[in-house]
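Structures are listed in the sections that come next.
Two complexes, one shared chain (chain A), two partners (chain B, chain C).
What follows is the complex of A and B.
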């Protein structure tokens, strides 16, 4: 049986959670992602930066009511990577 | 959530769980249905009473509605521009519904214009066109937010529209009661239930 290689960027619990969450919405604030993933702000920030560096997500930093706001959205590269990851996962599952 | 590597089954479970979380963000509290429902209901009943009591200024009843509607639309537009990104998440459903709302108001304007210039407004047939437009909107809303009560609302409004077209001018002022009844059953009751459900699940 051939096992397809899993994208190391996505095969990490928190990064996969972020991408899975963003694939279902148009865009989400950092606070929303933190709440849904139950991650700490520091860890989430690090993982979001990694996803941003590889171009899987886009991060928009702006101000709302004088408070900094971070908005994340998945990119088309991120969508392709997620689809490939799910396809690769299927090769590990018993048929 | 710790950042660690894990097995493929864990991955699939995590994806499933996060997709459900994203889906749970697709909700609406139904406040617009309540506000517009009551506005339409009160205007229809007031107009009906004014006709029966032969009020001198009964022709201004819908003008009052138009003023309220203009204020509401202006408020909605300002809210979406000034308080942009108020929600911590924007879903594709929310985006689609906001575009549909715009399409709804454009269609509403076209109906008002069309029935006014063709004379259909004066014999009450305009309410048939309005009810079928409401029904269309309710049906889409029910599907978008998986709120089945609005399917019933849509069915009632379509039935009301057919009844108005079938009865034509025979209905007279009672067309306003049909309109009010359909709005009550299609907007107000499901709207209040959606509102309660939203805060119960919050």
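What follows is the complex of A and C.
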């Protein structure tokens, strides 16, 4: 059987969780992602930065009602990477 | 989350679980349908009573009741916007659809000011049908789709009646395409919320 290589950026539980959340929505606040993934703020920040560095997500920092707000959005590069990851994943799963 | 021994099966579980979590993010769409459905029903019924029963000349004044809808909708939108932590494509599509509908109702009203109001209701009923049919497709909620189709049927039939009776067709269309499906949607959303414990 031919196993395809899994993207190391996405083959991490928290980063994959973030991308899987963002694939279904237009954009999400950092607090929403933290709530859904049950991750700590520190760890989530690190993983979000990694996803941002490779261009899989866009991070917008702004103020809403005088409070800082971080919004995350998947990019087209992120969508392609997620699709390739899922295709590669299929080669590992029993048919 | 544990990063060790992360298998392809676990990858799949993470993907499935996260996608289902975004699906549980409900918006209470029903309150807007209920507000506008009831206000328009009250306005048209009031207009019918004032015009047909009391022969009151300024029967159209009853439409000022819609200002309550504008004020309350804006208040809700601002309040909900502050709480909103995620923007979904469904939410965006609904907002854009109803913004377009509101503008179209305004444009139609301006056209009727010029052309006369005698046949306004078949057009308004057709618009109710369009809004609820597309909303039903976006929300994947069949009662709105059925309500929209029935409103289109009522729109055609109403054109064969006089203005006074067209008002009754409009009330029927609002009941079938807005109010009844919106109550069903509210029930559906409440059931889903309690099922997910939210």
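A few notes on this one:
Here is the rule we use: the second predicted complex is superposed on the first by the 95 of 95 C-alpha atoms of A that agree within 3 Å, B and C clash if a C-alpha of one lies under 4 Å from a C-alpha of the other, contacts with A are read in each partner's own complex, and residues count from 1 in each chain.
Throughout what follows, a contact is a pair of C-beta atoms (placed from the backbone, for glycine too) under 8 Å apart; a residue touches a chain by one contact, two chains touch by 3 or more.
These figures come from a predicted structure and were not determined experimentally.
Contact with both chain B and chain C is seen for A:13 once the two complexes are overlaid on the shared chain. In the superposed pair of complexes, A:87 makes contact with neither chain B nor chain C. Of the two partner chains, chain B and chain C are each touched by A:28.
Of the two partner chains, neither chain B nor chain C is touched by A:49.
Overlap of the chain B and chain C interfaces on chain A: residues 6, 11-14, 16-17, 20-21, 23-29, 31-32, 36-39, 64, 85-86, 89, 92-93. Taken in their complex, chain A has these residues touching chain B: 6, 11-17, 20-29, 31-32, 36-39, 43, 46-47, 64, 69, 71, 85-86, 89, 92-93.
Against chain A, the residues of chain B that register as touching in their complex are 1-12, 14-15, 17-19, 21-23, 25, 85, 88-92, 94-95. On the chain C side of its complex with chain A, the touching residues are 1-3, 6, 8-12, 14-15, 17-19, 21-23, 25, 82, 85-89, 91-92. The touching residues of chain A, counted against chain C in their complex, run 6, 11-14, 16-17, 20-21, 23-29, 31-32, 35-39, 64-65, 85-86, 89, 92-93.
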